[in-house]
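A single structure is presented below for examination.
Chains: A, B and C, in written order; residue numbering restarts at 1 for each.
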Amino acid sequence: MITLSSDFGTPYPASMKGVILQHADARLVDVAHDFPRQDVHAAAFWLREVLPHFPPAVHLAVVDPGVGTDRKAVVVRAGEHAIVAPDNGVAMPAARALADAATGAADAGDEGDREDPPDVEVFEIRVEDPASSTFHGRDVFAPAAADVHERGVRVLHEHDRYAPVSDPVELSFPEPSLASDVARGKVLVVDGFGNAVTNLPGNLLADRFGEYVEVNGDRVPVEHTYAAVNPDERLVTVGSHGNVELAANRGRGDEAFGVTSRSQVELTW
Amino acid sequence: MITLSSDFGTPYPASMKGVILQHADARLVDVAHDFPRQDVHAAAFWLREVLPHFPPAVHLAVVDPGVGTDRKAVVVRAGEHAIVAPDNGVAMPAARALADAATGAADAGDEGDREDPPDVEVFEIRVEDPASSTFHGRDVFAPAAADVHERGVRVLHEHDRYAPVSDPVELSFPEPSLASDVARGKVLVVDGFGNAVTNLPGNLLADRFGEYVEVNGDRVPVEHTYAAVNPDERLVTVGSHGNVELAANRGRGDEAFGVTSRSQVELTW
Amino acid sequence: MITLSSDFGTPYPASMKGVILQHADARLVDVAHDFPRQDVHAAAFWLREVLPHFPPAVHLAVVDPGVGTDRKAVVVRAGEHAIVAPDNGVAMPAARALADAATGAADAGDEGDREDPPDVEVFEIRVEDPASSTFHGRDVFAPAAADVHERGVRVLHEHDRYAPVSDPVELSFPEPSLASDVARGKVLVVDGFGNAVTNLPGNLLADRFGEYVEVNGDRVPVEHTYAAVNPDERLVTVGSHGNVELAANRGRGDEAFGVTSRSQVELTW
């Protein structure tokens, strides 16, 4: 199985699929090709959110504002998964989430005879003369994803094409500042519904469902479900990703709260 | 085969696909994930229009403004098809169309030794502790779709997980009012081309091709094809769904006629 | 394998998929369904750009402003590929590119015992009473694509359903005018990033990387990569299709250059 993620829109992802299918008989599954253009942080967030739901797969993930520069192309192995991506950090949060999930699954299994816990390994993809300097998705990443799929993710170190990288580019999401009666954080992404996903941990709201908090100074109810408030009214909830989310029932939370990606969010109670 | 329909945009449907593929080796086919947000009627229309073209399949269909409330999650069996959806009526028109198609096919076959005509059965999906209260598509409906696919749609009554429902939520489209020289109806949906699909039956136009009718007081030609009129000119035709459709050649019918979803349409001749 | 391309948006392509899957057990791959509405030239450009990356396949390609008129429905065979499309030229540039690629591959192979070079053959699809006059994608092209897939692209002449066409509708892209110090051309398409793809051949820029040219009178750097200039600054590059492309780093080239599809582009140096 090979999943595909990018900020390419259409029809460029189809060229990547064609190239992959020349070299691998893999099931192809689109994650998204409308990630915010060249926004490495947003893509990293969504990959971390979505990829752990998949069974072992090769994940092609191309959000690559540095295409054609000397940034590396890498394969990031995490347990039985591999992410093929530019070395700009986009794959790293998802890789760690995949490795954590694999470790958790191993811990829950046979404890007597278990393998080393899965970890994260990064390999540079050695590229010879890509056909273009503007479309590495097609000319570098797609062939590599097909190759990794055909070889298997556990034996990349055996091949000259893949050279271990000790210092991959890292990416971390901004950390919230948490105190006893106030939490300060940021909007990480706004989803297609207009829900504003923050970096504030959902457990901040654990004891407050049915009560009110203040969001950037406005009093807002904390609810389990969007439908708990009237249409167009605002609420704060814990989204499916486990983070605090600013939402409006049947409306757009981002507009209702006047926030966008990277906005400050101050939560008090 | 499992088809997927929702109003989720991206990348949420990919999480549903990952969950399904953890549990079922099924072909996945997207119907649409850009149904008008939380518009159960529009989704019900499109499902009824599209699903009968598929061979037997499990259809995951999530347009769910009541997510997290006590609305049920259901499996609606219709012939050899099953629709996994919230119990808000979204699946019912498609289920009846699928059952009708199956009955029609059975009627056309061997009459001597035939099974009971397919009908529509509804089962509640018993849910234990979904991981989130905001993303039942991933945590409730996707696992159920995989399970129904693996078990087969004919044996759901054998499993505790599926409890018969005698009073599913129904949904009907508004009925037009038809008289000898006037028909009054509504726009059901506007498609991506801007064609406004009404609830007026196409046979109203059967003898009028090449002639004119009045639509909300304006004289408009009745044509078999968009290209029968000049670019940007209006026409009335019978769309692929069999209903009267307000269109403009190479333009948007909704704008040309000044209508939108739920607008009144009065047709006189 | 059957690829699907159209200007249908959603959910109409799903009806085509359902019909195909009733008749063929084929892998389905979407190329794009958001081609500019009824723009046969833009679709022809993208098909020529994308389809040659695929292994042998049947390609369903429906951009069809003349649906329901007497324009033919055709199968265009090119090597081991076939394109099922309306006879409006949309398939022809891609078919020639596919045939060229096949000939090139054959030339590179065994020269002693080789088949005749692949060429392009066009067959009319004989249609009996389509169910609708507005959705031939579902009622004419999808069944034909399934049928061509099941029969194989090499034996269409054996079947009454496919009648050779000697004068298919052709389509050519505008030719640029090239002189020693000036090149005049047009924007063919604008992609989703806002990059304006021209009909000027990329080799015009071969010796000018790192230097400047004038585009419609403005001095602009020629670069291999978008990131070679500062964010929002303009550049001229050779796109992945081999043509001169007007771009802006992390921005929209079409807006930065004030051009759109079909705009004149004058390049001087």
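Quick note on the criterion: contacts are C-beta pairs under 8 Å (C-beta built on N, C-alpha and C of every residue); 3 or more make two chains touch, one makes a residue touch a chain.
Nothing here was measured: the structure is a model prediction, and the numbers come from that model.
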To bring the C-alpha trace of chain B onto its twin chain C, one rotates it, in degrees rounded to the nearest 5, by 120
For the copies chain A and chain C, the interface residues, called same if over half of the numbers are used by both and different if under half, are different
Chain A and chain C have mean C-alpha positions lying a whole-number Å distance apart equal to 32
Residue ranges of chain A touching at least 2 other chains are none
Within the complex, chain B is touched by chain A residues 1, 3, 5, 27, 29-35, 46, 49-55, 191-193, 224-228, 237-240, 245, 250
Seen from chain C, its contact residues with chain B in the complex are 8-12, 14-15, 17-19, 21-22, 28, 37-38, 65-69, 131-135, 138-139
